[in-house]
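Here's a structure for you.
Note that the chains take the letters A, B, C, D and E in the order they are written out, and that residue 1 is the start of every chain.
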Amino acid sequence: MQPSSVLAKGVRKQYPGPRGVQALQGVDAEIGAGRFVSILGPSGCGKSTLLRCIAGLEDISEGTLTVGGRAVDGPPDGVGIVFQHHALLDWRSIRDNILLPIEFAGKRVADYTAKVEHLLRMTGLQDFADSYPRELSGGMRQRAAICRALVDDPPLLLMDEPFGALDALTRDQMNAELQRIWMETRNTVVFVTHGIAEAVFLGDEVLVFSPRPGRVAHRFVVDLPRPRPLAVRETPQFGQYVGEIRRLFGQMGLLDETGVATA
Amino acid sequence: MQPSSVLAKGVRKQYPGPRGVQALQGVDAEIGAGRFVSILGPSGCGKSTLLRCIAGLEDISEGTLTVGGRAVDGPPDGVGIVFQHHALLDWRSIRDNILLPIEFAGKRVADYTAKVEHLLRMTGLQDFADSYPRELSGGMRQRAAICRALVDDPPLLLMDEPFGALDALTRDQMNAELQRIWMETRNTVVFVTHGIAEAVFLGDEVLVFSPRPGRVAHRFVVDLPRPRPLAVRETPQFGQYVGEIRRLFGQMGLLDETGVATA
Amino acid sequence: MKHPVVSSILAGLASSVVLLVLWEVLARASGVRPIVLPLPSAVLVELGAEWRWYLGHAGYTTMTTLAGFALSVVGGVLIGTAVASSRRCERFVYPLVVALNSVPKVAVAPLFVIWMGTGAEPKIAIAFLIAVFAIIVDTLHGLRSVPQDVLDVARVLKGRPLAVFWKVRLPGALPSIAAGMKVAVSLALVGAIVGEFVSSQRGLGYVIMSAQGTFDTVRVFAALLLLALIGLLLYGALVWAERALTPWRANDKH
Amino acid sequence: MKHPVVSSILAGLASSVVLLVLWEVLARASGVRPIVLPLPSAVLVELGAEWRWYLGHAGYTTMTTLAGFALSVVGGVLIGTAVASSRRCERFVYPLVVALNSVPKVAVAPLFVIWMGTGAEPKIAIAFLIAVFAIIVDTLHGLRSVPQDVLDVARVLKGRPLAVFWKVRLPGALPSIAAGMKVAVSLALVGAIVGEFVSSQRGLGYVIMSAQGTFDTVRVFAALLLLALIGLLLYGALVWAERALTPWRANDKH
Amino acid sequence: QALEPVKVRLDWTPWANHAALHLAQQKGWYRQSGLDVTLEDGNGSVTTVQIVGSSNAFDIGHAALAPAMIARDKGLPVKALAVFLRKNDIGMLVPVDSGITGPAQLKGKKIGYTAGSLEAPFVDAFLAAGKLKRDDVELVNFDAASKATNYAVGRTDVVFSTIPFVLPTTSKARPSRAIPFADFGLNMPSFGLVVSEAKFAERGEVLAKFASIVARTWEYIYAGHEDEAVDAIVAQRPQARLDRAVLRAQLDTLKLFFDNKPGERVGVPQPADWEAAVKTLSSVQLIGTSRPASDYYVPGRVNPAAFDALVAK
């Protein structure tokens, strides 16, 4: 299957109800097919909301949003997603959780045994294939959810802070792995993260969101050759990207030394 | 109330059941009253388990564990906790969630109105006091859980990756805030995090855990004067601490460039 | 709020009308004898003609039902909570509750009359006994499905058992208890009727009993129709109360 | 596994014995007439003397109960699912279900004999009708309490409705459905008895009926005691099945 | 040749008014006449009439005939085929030492009755015979099964019920005397056999034969074979654990309600009885008056004499 492009024009999202928050306001974004796009933004600015809109889980209130050229109206075909909270099925073992997309796609589970084993090993969960989610640590559950999103090589991969609960080293490994997998599959990835370095390391471009109501405040194209070794993070070019984004964040006026938020 | 010390000697924790994982093995730790101790360690190594044991939510399988000089047998008095996942009560507004410790302590809720307002403002939730948890973003829920843990100034504060779902800037703010609060209250804090810099910035000492079964692989005393400005992170001394810990992590043999975990 | 409630009442009404018309048409077509199954038109005419009289009996039955139901909610939540909180209760008391619940009240109803006389008490008692088990089971289920992490918060904060119950366990169990109440309310209604069958001078159970004795099928079905209506209204009231009591749940999830 | 099951059976037995002894002592002390409430010792002697005969009737009633219960589980889950999945079903069909459920089956039982004859069918039908509502309500509750994030996963993965039902909704609703089944199984037992009251030559309902006609209170209570026992066993079997079917839930949470 | 099946729905669980039905079975008289009879217990006459009248499950019902008349008047096509108890057996039980001899003494008394049974519509008429109104007494409605017990334990002062059924059982606990409603001008037939018109049109021959055998058997029983009848019930219903003494006492009480003049054979519907019944029932608006009395029964099909030879063997 071809990777899917994502196009947002003037997307506004207001949650229903009398006090319904306006989460997104005039979001414009063009995510080309096969691109890896990182999204950065302050907590509560609407990143998860945008991902849910792209996944067809929330209706937008205004604007147009297309995936693979088609207006989103319910989940588009070929989407893999890692939610901010793992969303594993309590009643399935880790292996069966990972196999869920295969089963739902009507494919033969047996054909994916090796792939699942590989993913489990890659995420360090090989000993927990038969455990239930409640027997796993927070980070382990998140890794299982990542495996589930990757198992069927979806043309569009949406990841909402997938590495948020991982320690620095596991996170580095996962970054390297994700890049490797993406370079093999070349699917479209929308990757929400709080790690500026991670966003730059992985992304072809980085979209920085404004505080709520969220919109794309800035778009950085990351022009670093691939495959990028982890050590790329120590290069001056990399540092420049990170510094620039950091500065932008600072301009959005959130931080002062007393720590009281001004936004 | 006096801050509580925590003392662990040869603590082993095996989860029950035929396949019960051994999460901790021979954990020795001495956390003095009024100290701020950061805990770092690979995902799944038993950090949350240790915190739950200290909080009296899990029995230990071997060894001794005391809080304030008393063997832990059920939750000790005066503990505040931020769980890895927010654990907010769905049926209470954010304000009422934050007030829960006050209500359970049998104190007058009216006396804490100002404090709650302050905490809400500090965490940027002032507009969401009357919202229910399901109306909040992931990071906002986590911030609400932090407010709940702080509201009653507990002598022992246990925090399990409290800032994991926050963007870099909010996180920095929260770091600064937490330090400020701690310097006022001087309670004992056990702070689990995946951010090495964060661990060093906040901690009087940093305990680094080995992979599962977890034990204290190394203890670093962070000898930086307080209050520490955020800018301390750019000092060479700070960089040295971080580098040392990073090196130790590397020695634990988790990372190689292909990304496949070897542990 | 107004619009959905009104429209759902209209929807219920519409389908009731459809059912009644269907019943009328089928009954006419199949030529089933009215003495076995009367025409709904005849039933409605009967109700229209004597609505005051029926209203009196319906009111009595509704009162008995509500009293038994209220007791079953209080008792069921108490028993369910006791069983959920005490291992001893669960092992020694609960089996008895389960066993006693399997004794058909219809068969022991006469004993209640002997013990409690012929007033409202035995009817309320039977309504209570029939309804309470649904509340117990769903309270138990609800209390057991309160998320562990939330219970952990309460434990660490060392809330007094009563405070934890009111602030954590009960609200967490409320959606389940509400489900139990929906089952229980119609059981209480049946219980009140069963009680009235055994001994009564009033109520729809009495109406049914005496009409059956004289093959007054129209009257029997008029009473049954009223019971269906009462059941529906009580259920509707519960759904409404549930929404009001659980504002934190998304509206469309109800 | 063995130890807790054995010990909980022993616990249930112990408290039953306590209850029976209490009943014996109180009955003797209060001098209540045996024709109103017999001594449990007499009841046990009766059961011991004629256990084969009682077993036969108990077996018949159990079979009827199980058949009605099985139908109610299948039917209840289907109806509950239909109501949960279709707004139209919820608005137009469900009110009718609620209304019909409020019609006491005891009052319409003769109609079932007229329609279905005097075999097991009317008893099974009544057992089904009495039991099914508890399953419907708890299925509905269970399906509505499947976590939204898990449903979102299923939606994004575009699982076919049937696959989503089997792999996501049903397992998610299973704990609630199990609670509904616990209520339903004893209702099915009562339904079978009500059916046997109206027309039967077998079963414990028949035993109760005919013993009442000869004022044979000992026999009535022997049958009631057996019903309590059957109810307890069926409940126990459900608890066991629930544990087996929901291995992902912590054991101590049951 | 093959036996003709006859499925009978009884009025209630076994008691003495089933004596002839069982004795004929025990004696083999059905089989010898080509019938294969099965008896099933009932749950009150009303239900029996309803089921016999509107389903195919039974060929014939044994029930109180007044409910059959009411049902017929209301459109259920049932008729009485045989009448055994010609006198209304409903009445009042009073403690022997109460001094109550009729409705006139009931002022202020607590009366147990069953709303769903046949005595209910006659309550006012019976009280009126003693110049009382409903408000002068305390009426308490019980279901059929608990009425007698509540009277026996003293919860009511008197009870309205089916005399032959309750008098013997209740007297053990509370010695009582029976006062039939019939003695106060409220007469109508009691137990007999009920058929649906369709069934009778189809199998009239067989059902009439059955009715005649039962009628003849009653004659046999009251010709001094009461104990044999009691034995037959017990033998046919080994599990019901019936009390022989109670059955015998019920049988003796029942005899008073057969009420046949010399020369009249048991079971044969008598036109005069039915005229009286219509009068009684219409007087309390249980039936209308449009239907002639002859419409409620099948005349001339019960012929016990045809089985004299069989019984004499």
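Assume a residue touches a chain if its C-beta (ideal position, glycine included) is under 8 Å from a C-beta of that chain, and two chains touch if they have at least 3 such contacts.
Keep in mind that what you see is a predicted model, and the values were worked out from it rather than measured.
J.: If we look at chain B and chain E, which chains touch each of them?
T.: C
J.: Of all the other chains, whose mean CA position lies farthest from chain B?
T.: E
J.: Rounded to the nearest 5 degrees, what angle rotates chain C onto chain D on CA?
T.: Result for this pair is 180 degrees.
J.: Per the centroid of Cα atoms for each chain, what is the distance between chain B and chain C, given in Å?
T.: It comes to 49 Å between the two C-alpha centres.
J.: For chain C and chain D, let me know how many angstrom lie between their CA-based centres, rounded off.
T.: The separation of the two C-alpha centroids amounts to 17 Å.
J.: Between chain D and chain E, what distance separates the C-alpha centroids? Give it in angstrom.
T.: The computed centroid separation for chain D versus chain E comes out at 37 Å.
J.: Taking the mean of the C-alpha atoms as each chain's centre, how many Å separate chain A from chain E?
T.: 84
J.: Where in chain C do residues touch two or more other chains at once?
T.: 36, 114, 197, 212
J.: Do you know which chain A residues sit against two or more other chains?
T.: Where chain A meets two or more other chains at a single residue, that happens at 85.
J.: Among the residues of chain E, which are close enough to touch at least two other chains?
T.: Answer for chain E, listing residues that touch two or more other chains: 50, 54, 145, 149, 153.
J.: Between which chains is there touch?
T.: Final set of chain pairs in contact is A-B, A-D, B-C, C-D, C-E, D-E.
J.: Which stretch or stretches of chain C touch chain B in the complex?
T.: Residues 147, 149-150, 152-160, 163-164, 167-168, 171-172, 174, 246-250 of chain C touch chain B in their complex.
J.: Which positions of chain E touch chain D when the two form their complex?
T.: 9, 12-15, 40-43, 47, 50-51, 54-58, 145, 148-149, 152-153, 169, 173, 239-243, 246
J.: Would you mind writing out the residues of chain A in touch with chain B in their complex?
T.: That would be residues 15, 19, 21, 40-44, 46, 48-49, 84-85, 121-124, 130-131, 135-140, 143, 161, 164-177, 180, 194-196, 229-230, 246, 249-250, 252, 254-255, 257-261, 263 of chain A.
J.: Would you pull the chain A residues touching chain D in the complex into a rising list?
T.: 52, 55-57, 74-75, 77, 79-81, 83, 85, 87, 89-92, 100-101, 103-106, 132-134
J.: Using the touch rule from the top, collect the residues of chain E that touch chain C in their complex.
T.: Touch residues, chain E against chain C: 46, 49-50, 53-54, 67, 70-71, 74-77, 114-118, 120-121, 139-143, 145-146, 149-150, 153, 155, 286.
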